[in-house]
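Listed next: structures, encoded as structure tokens.
One chain, chain A, appears in both complexes that follow, with chain B as partner in the first and chain C in the second.
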Partner chain A sequence: MAAASKAAIPSSSAVLGSISTLNNPSLLKMSYYFTILSPTDTPLFNIAFGTSKGGGDGIARFRFPETAQYMNQFIIHSSLDILEEAQWTNGGMYLKHIDTYPPAAAYITAFLTPSGARFLLLHQPPNLPSSTSSSSGLGSSSLLGTAGSTTRASSSSIAANPTSPQTEEAVRQFMNEVYENYVKTAMSPFYKQGMEIKSPVFRTRVTAAGKKWL
Partner chain B sequence: MSSTKTSRIGEETRVDKVNAELVTLTYGTIVAQLCQDYDSNYQDVNKQLDKMGYNIGMRLIEDFLAKSGVGRCANFRETADMIAKVGFKIFLNVTPTVTNWTSDNTQFSLIFEDNPLADFVELPDDGRAQDELWFSNILCGVLRGSLEMVQMQIEAHFVSDVLRGDDTTEMRVSLVRYIEDEMPPEEE
Partner chain C sequence: MAAPPRHATMQSISNGGIAPGTDRPQTQQTQAQLSQQSPGLRVPSNRKTIYDRHLNRSRNAELSRASFAFLFGEMVTYAQRRVTGIQDLEKRLNEQGYPLGLRLLDLLFYRSTSTSSSALSSSSTSSSPPNRPLRIITLLHLIHGPLWRLLFGRAADALEHSVSPDTPNEYMITDNDPMVNTYISAPRDMSMLNCAAYVAGIIEGVCDGCGFETKVSAHNQPTELWPSRTVFLVRFGDPVMEREKVLERAGVK
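Up next, the complex of A and B:
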């Protein structure tokens, strides 16, 4: 996994600061991997997509080679223990960012439904050629000002910083929209609880939600 | 009876209400169970739904006439209006559009913009349900049953369904004949 060798990421905030100040928005396209797990940890649904905001093409470009996409599932599932600890910490369904897997710079955000289905979103920033070059560490407040094109930078800020409040809000919207559609899908009389969600309609709607919010 | 007056009867007839999702889920479960029982033989499922609807319709017509207080329709066009604007309005709270009349006024279509029975439904993706199952087929039976009780023999079937990916949900209703009063056989 050559991709992961770029930098042993010291702590997420330091790196995030540097990513957010990069001037080239095309480098700021996040890749997402979204999974729904049943209460018994059976995967019900998977989808991979990329940033669509700020001119993103919506195509996922993970750091793993094509042949190693199972790594996403592996990382997501490995965060289940942390999810189980986090789920009782507050009453909300949206648990925000719960886990980070530094070797792949993968951030996991979680959403729980009351019936125990788990929505997990892995986001992975793109592999940066020189990830520590322009670091000024100003944090998320620098997002709007520094990039060459203001609009593009601000709209791609979701991609720039996986733990910023903007990102968390965007993911919340995304999760809520998926949840709404998940409920509708689960209400279909031909869907059996715990069965893989094969509905093309649901997939389209998740894709649309990803396009809209991420 | 004028068309607007018919609409008013539909609006004003008060009936006990029930949660729409309860109806949707109950009906959905019935259909799903039938599909399972008939081993996904959708022709049989359609037939069974129609039969169930027929039995409902035979009883429902009495309830309908009592609640709405409407009298005899003068012609089949009026009947169609009554079905769409009073019957469906009272029982399902939708008003399908009556259209596509044949010139002899014996066939029309009901176009459903909104079908509460089919909310949330996605047909099974086994490659056949999309072509064979008429999910809301019970409605055909209901019309057949209820009209038969008021001396009209009709034939009703769906010709398109948004669940199958069609643009509209359309039911075709044709009048076969008015059932004349049949005298009981003379006693010898």
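Up next, the complex of A and C:
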């Protein structure tokens, strides 16, 4: 689908299209699905949220909302094979972007705790091709007065490019903050490894980390 | 009558007549907020959940050796109930240590990343966060140095590889004077018993957490100088040895 609409845009208006989509803040909101899996692939925790930076409302809007709930889990779990390969070649805890699922434009970033729990973050940029139809009219009018806001959007927006260094850094900060809270959970004498994390405080903390960094 | 402390929420609600009027609405309000955002959550009286505590406050958090010895003695007594023999007892101690190993692993890495010191790796790259151990040797160095320091305040005394060609998967970590055994004297008919099986369980937990399937056992090897010298025999599983060969060929360190 994405390929078809890309081909439809004439090369001259492609620039205009990209500017106007960057320009419109409502189109820059990334949707995230974060999950923690135990070393034996049991889901311990999951949460869906959206971009909060730059006036985002923090609500996830996946491209296919009716199937997102299970498709996100499918996509995340299908990246486990790649994760387990990367696990033994890269000794770091933050493994960065490891997998992409093009049909849903889903990018998966992984973080591995030393004790084998996997933090996986699926991020899905907003559906850009739908805005290209209106871009021809919008682009010309907004091109002059919006150069400043365009640069601001592109420099601060994590949503614009899921594999950019800024995004990787932001996700790293997010993962580190979740890791801190995960260690606190694991250190609780009432928590055994492999148990679902039900603490509402933990959920609040992860949401706050998402708001802060993503 | 003295005003109740601010955190005694239950108290101030139950005997409301005593509580000062300025304090009550505030506490009730915060409680209402808390119950709103998370129904069924019970917050400790000082409102500090485990998530509000710091994981790095270790300077003055050392425990007294006496209370540790007492607690550990009770753990051994507890494990000793309904056991069939020394091996069974050691297995139970091992199982008690295992979950601790898994936890310590995460804590160890957390502490060394947040302080970003060279506490974990002896290599020169001190600023970058430490890597997860991928090879057996890195893992054993992690246990021998940082883990031992976290637990006992000093590094272990020796780390050896089995010289026998039949058992290349066996490694030995030696502690000349294990702290857990300081106040434990086994009766003569149980002279084989080594309560450091608990520490062996911790090691096993650490190895397993890192993805190295292992069996660890504690053995008495007294010398004249060190009567309670203990050797921890670490035996890695076959899949680990196979992976080790693959990683060596791939040049992973």
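Quick note on the criterion: the second predicted complex is superposed on the first by the 164 of 214 C-alpha atoms of A that agree within 3 Å, B and C clash if a C-alpha of one lies under 4 Å from a C-alpha of the other, contacts with A are read in each partner's own complex, and residues count from 1 in each chain.
Operating definition for what follows: contacts are C-beta pairs under 8 Å (C-beta built on N, C-alpha and C of every residue); 3 or more make two chains touch, one makes a residue touch a chain.
Please read these numbers as outputs of a predicted model, since none were measured by experiment.
Undergrad: Aligned on chain A, chain B and chain C: do they clash or fit?
TA: clash
Undergrad: Residues of chain A touched by chain B versus by chain C: which partner has the larger set?
TA: Touching more residues of chain A than the other partner does is C.
Undergrad: With both complexes superposed on chain A, which partner does A:Phe74 reach: first (chain B), second (chain C), both or neither?
TA: It touches nothing on chain B or chain C.
Undergrad: Go through the superposed model and pick first if A:Val201 touches only chain B, second if only chain C, both, or neither.
TA: It touches chain B and chain C both.
Undergrad: Once the shared chain is lined up, is A:Lys184 touching chain B (first), chain C (second), both, or neither of them?
TA: both
Undergrad: Considering only the contact definition stated at the top, list the common interface residues of chain A for chain B and chain C.
TA: 184-185, 187-188, 199-201
Undergrad: Please name which positions on chain C make contact with chain A in the complex.
TA: Per the stated touch rule, the residues are 37-38, 41, 49-51, 53, 55, 99, 102-103, 105-110, 113-114, 129, 131-134, 209-211, 243, 247, 250, 252-253.
Undergrad: Which stretch or stretches of chain B touch chain A in the complex?
TA: 21, 24-25, 27-29, 31-32, 35, 119-125
Undergrad: Can you name the residues of chain A that touch chain B in the complex?
TA: Per the stated touch rule, the residues are 184-185, 187-191, 198-201.
Undergrad: Considering the complex alone, what residue numbers of chain A touch chain C?
TA: Residues 39, 87-89, 91-93, 112-116, 176, 179-188, 192-193, 199-202, 204-205 of chain A touch chain C in their complex.
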